[in-house]
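Here you go, one structure.
Residue numbering begins at 1 within each chain, and the chains themselves are lettered A, B, C and D in the order written.
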Amino acid sequence: MKMKKFINDPTQLTSELLEGFALAHGDMIAVSPERLVTRVRPKSPDKVSLVTLGGAGHEPALSGFVGEGMLDISVVGDIFAAPGPPAVLEALRQAKRDAGVLFVVLNHAGDVLSGNMALQMAESEGIKITKVVTHEDIAAGPGTPDADRRGLVGCVALYKIAGAAAEAGKSLEEVAAIAERLNNNMATLAVAMKAATHPATGEALFELPDDEMEIGMGQHGEAGTGPSPIRSADETAAIMMENLVKAIGAKAGDRLLVILNGAGATTLMELYIVFRGVKKYLDQHGITIVASHVGELLTVQEMAGFQMFAAKMDDELLDLWKAPCNTPAWAVK
Amino acid sequence: MIGTTGTPHMKDTVNPSQVTAMLRTAAGQIRARHQLLTDLDSVTGDGDHGTAMLRSMDALEQTMDAMPEAELKEVLAKSGWAVMSAAGGSTGPLLGTFFIGMGASLGEAGQLDGAALSAMIRRGVTEMQKHTQARIGDKTMMDALLPAVATLEQHDESTPPARLLQLAAESAALGAEQTKDMLAKFGRARNLGDRVLGHADPGATSMALILAGFAEALNES
Amino acid sequence: MKMKKFINDPTQLTSELLEGFALAHGDMIAVSPERLVTRVRPKSPDKVSLVTLGGAGHEPALSGFVGEGMLDISVVGDIFAAPGPPAVLEALRQAKRDAGVLFVVLNHAGDVLSGNMALQMAESEGIKITKVVTHEDIAAGPGTPDADRRGLVGCVALYKIAGAAAEAGKSLEEVAAIAERLNNNMATLAVAMKAATHPATGEALFELPDDEMEIGMGQHGEAGTGPSPIRSADETAAIMMENLVKAIGAKAGDRLLVILNGAGATTLMELYIVFRGVKKYLDQHGITIVASHVGELLTVQEMAGFQMFAAKMDDELLDLWKAPCNTPAWAVK
Amino acid sequence: MIGTTGTPHMKDTVNPSQVTAMLRTAAGQIRARHQLLTDLDSVTGDGDHGTAMLRSMDALEQTMDAMPEAELKEVLAKSGWAVMSAAGGSTGPLLGTFFIGMGASLGEAGQLDGAALSAMIRRGVTEMQKHTQARIGDKTMMDALLPAVATLEQHDESTPPARLLQLAAESAALGAEQTKDMLAKFGRARNLGDRVLGHADPGATSMALILAGFAEALNES
């Protein structure tokens, strides 16, 4: 049976998707044969550049965020697979500059492996790089070492905030410090309702019974806290936000950035209804939402579910979050 | 096979073209079993390991085809790099490093005795270990490779290359088999908890096949 | 069995969604008790205002496009249902100004009915209004009277272009003429792959066998040209674009705006792959894509499929398309 | 029922409170059958007609409850407006217009004879026709309403109101029944082609129920 997807050759998904992406956004980005997505109007060379890497299949992430105010280069792997070290090294070489490179890696085995190898080689070539690894998934529970916590949609907030800092002309040390401050104050929890189809193999990424959902499931079907009956939007919002608040230690009076990132098939309608539930929960606890984003930033094909992200904000982080950006997937004026 | 092979000298060393034969035979082993690798990764991971290994082997052989005159050292370095480019995920970087490490152990052209062959494979694994913390029992490639290395280390120069690789391949196969009883501590399988019990690790299975290919090449020649 | 959606009370969907929408975008829009979505920073009163109406359940459409450079007021109905004439009349009253009101109605029975009644009453109160009805769906075939052609995602292009003309200070006559020029040069064709669930009733909106797709299906499951086997992205792109090109009479040398509007569950990955196919087809026919948008503008819950839109552009339309806008769902810098 | 009713005068006219009773009985008819309306709309449309009618009837009765002292004319105008606000889709505007039209036909308070009652209902339909092109055979509300209007027009002032409404309701019911054999030309059902054959139009069914309610109220009183 054919997959219910609009594709041509399942082995050419990434190339064709990047081709279409470059055609649709040729005014902002270009795609090289090594699958580097770069800006067509490069950032001035005296500013810190941002490089990231990750598998395809999560559109608009990651490459949708290449552009003014966010990323300089994104290295694209195959569907759900890290790109190899040679391409990442090439990206770091292209990003090389005196101001230095901020290298953002999501904590997934392949990405870390590939990123570290490329980083080692690049540093041996004298490229000035600071690495930041995002690992803000709290599904594994409190006390889990950073190395065992996955990077989810938090990377996008980090691209935005660190990208704005870089665009503002801050030094690599400053940009990295800002990125780490955000990194240490953010958390994400995912929930899945319906599985997605792997677009190359046609297989379901995981199974979930008709009357169940699963909180904590990762963006490739990695197990979460176990299935539960389907809960209402308000209950789901409260359970998830309660855990996030605990994880980042948010207290009454704190100011949060909240992101509800749709996984694919979950509608914007649902996300707004959940957002309403999040607001109710936080109101009860005296915590303020000072900034938010509701929509699809990092998807998992047509999976139903979403990722809920929260970060404690200070004035500087908030200003950077609100600073202008202009990328294929996101523009702030 | 012992006794049917050529001169005593032939039994004690291998030449560079035999090493490329080892690599090609390893590729053949993977090609013959890629569906098994995919099936294993479908249970314990994301189902792309068979494809990743096929692409790696394509890259390996294409690189070798493209530089028939080159030094083995250089061929392995280029192949490793090509594997890294061809296969994403965990396989490309680790397997690529393995080949690059193998190449790095070699001097100028010439015959390799048992010690050199052992050093070559051990160096491949040592380089991999610079990038992975995985140890025996973590349900990864290392569960095949580390027992093979231990076996190589137990033998001195007196063991003929073909025999040496045969023993290493057997240790790797046994190690891969034992991953069935392990919970995963690395890679995607980590997140699956005890759902992976009873299934061999795809990466360990691949590495056992590669070593089986190495041994097969020498034992046939 | 529970629906696989994050909701609370199925009878309160629209209210809760609008509440969440207002909370998430309080810096740009406000929602009144009559379910009018208005700008928090109203347009200067000497400029033409834009009003539209339509059912909820198609998020981000229609209200996601209220803001600078696009709509002034959107009147929201229940899920997939037109709002009643009283709310629409209230919107027209609030939009009233000497410069006049452009009133955009999508051709769906309920919307037209409600829109016309409100229009009549508003005109009898002396409000200066020009109505534009979008009816660019070509599924019913050539020669179908305008009254029988549905309004699909084309309304969003019209909001953008007419909205920019209004923001530029053009008169109602000029804005309306621009809107009608676009309206007469645009066409949309939809394709469905998987049904959506009605979020209030839990029923599938339509049925489609596992190995079939249907070109021409409307955004509420209205029948199209009949089911067909699943085709490749390239074939689908070529078939659909061929029909669109015919419908708008585009010839070699013409310049098109192309929109691929995801219905909900179809991934951005697929849309980019289809866009690549569209480009190939148009290249073969000497037709240029001068502007494009790939993403979700007007969805149908978690339906899989998309709407393909094409419009012949002239310099003025193109400039207006590219003009800045800043709305919850879309910002152009 | 004929013969069990009151004075000759009572038989020939109805008073405003009887008209409100007609409206409430119509609401009762809808409440009793809303599931049927939803089921019909699920086949031929989007399944929301039952809910739309329930909301309309809620709005109608709440408006009547809120203004017990007001002129019937005004009650109908307000009710129509409330129905339009309460129910989206096609139902709210059309049904609301029907009530507003009914009100517009009325003069100051007082008794309504058969002619006035007939004029009230006919005016409701006439106002609707300003907003819909639908004719007999198009599978809409008009397939119930227009036959009822035709029946009303065939009778002169001599027909007592209760009998008049009974006849109109019967024509509406027959008209609704005949929509089963029609293809839809308006509303969402239009796009379904011959999938709608064999199913009555939900809107026509609703209007037949409303007129049945009107008749029932007078024939019981």
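In this section, a contact is a pair of C-beta atoms (placed from the backbone, for glycine too) under 8 Å apart; a residue touches a chain by one contact, two chains touch by 3 or more.
What you see is a predicted model; the values in this text were computed from it and never measured.
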Exercise. Distance from the CA centroid of chain A to that of chain C, rounded to the nearest Å?
Worked result: 29
Exercise. Whole-Å distance, chain C centre to chain D centre, using C-alpha means?
Worked result: 34
For this session: Express in whole angstrom the distance between the two chain centres, defined as the mean CA positions of chain A and chain D.
Result: 57
Exercise. Residues of chain B touching 2+ other chains?
Worked result: none
Problem set entry | Numbers and ranges of chain A residues touching at least 2 other chains | none
Problem set entry | Chain contact topology (line, ring, star, complete or other) | line
Exercise. For each chain, which other chains does it touch, given as pairs?
Worked result: A-B, A-C, C-D
Problem set entry | Contact footprint of chain C on chain D as seen in their complex | 42, 46-48, 52, 81, 84-90, 92-94, 96-97, 131-132, 186-188, 190-193, 195
Exercise. Mind pulling up the chain C residues that touch chain A in the complex?
Worked result: 1-8, 13, 16-21, 23-24, 56-57, 59-60, 64, 193-194, 199, 210-211, 213, 229-230, 232-234, 236, 264-277, 279, 289, 292-294, 296, 299, 301-302, 304, 306, 324, 326, 331-333
Problem set entry | For the chain C and chain D complex, residues of the former touching the latter | 55, 77-87, 109-110, 113-114, 116-117, 148, 198, 200-201, 203, 205, 218, 220-223
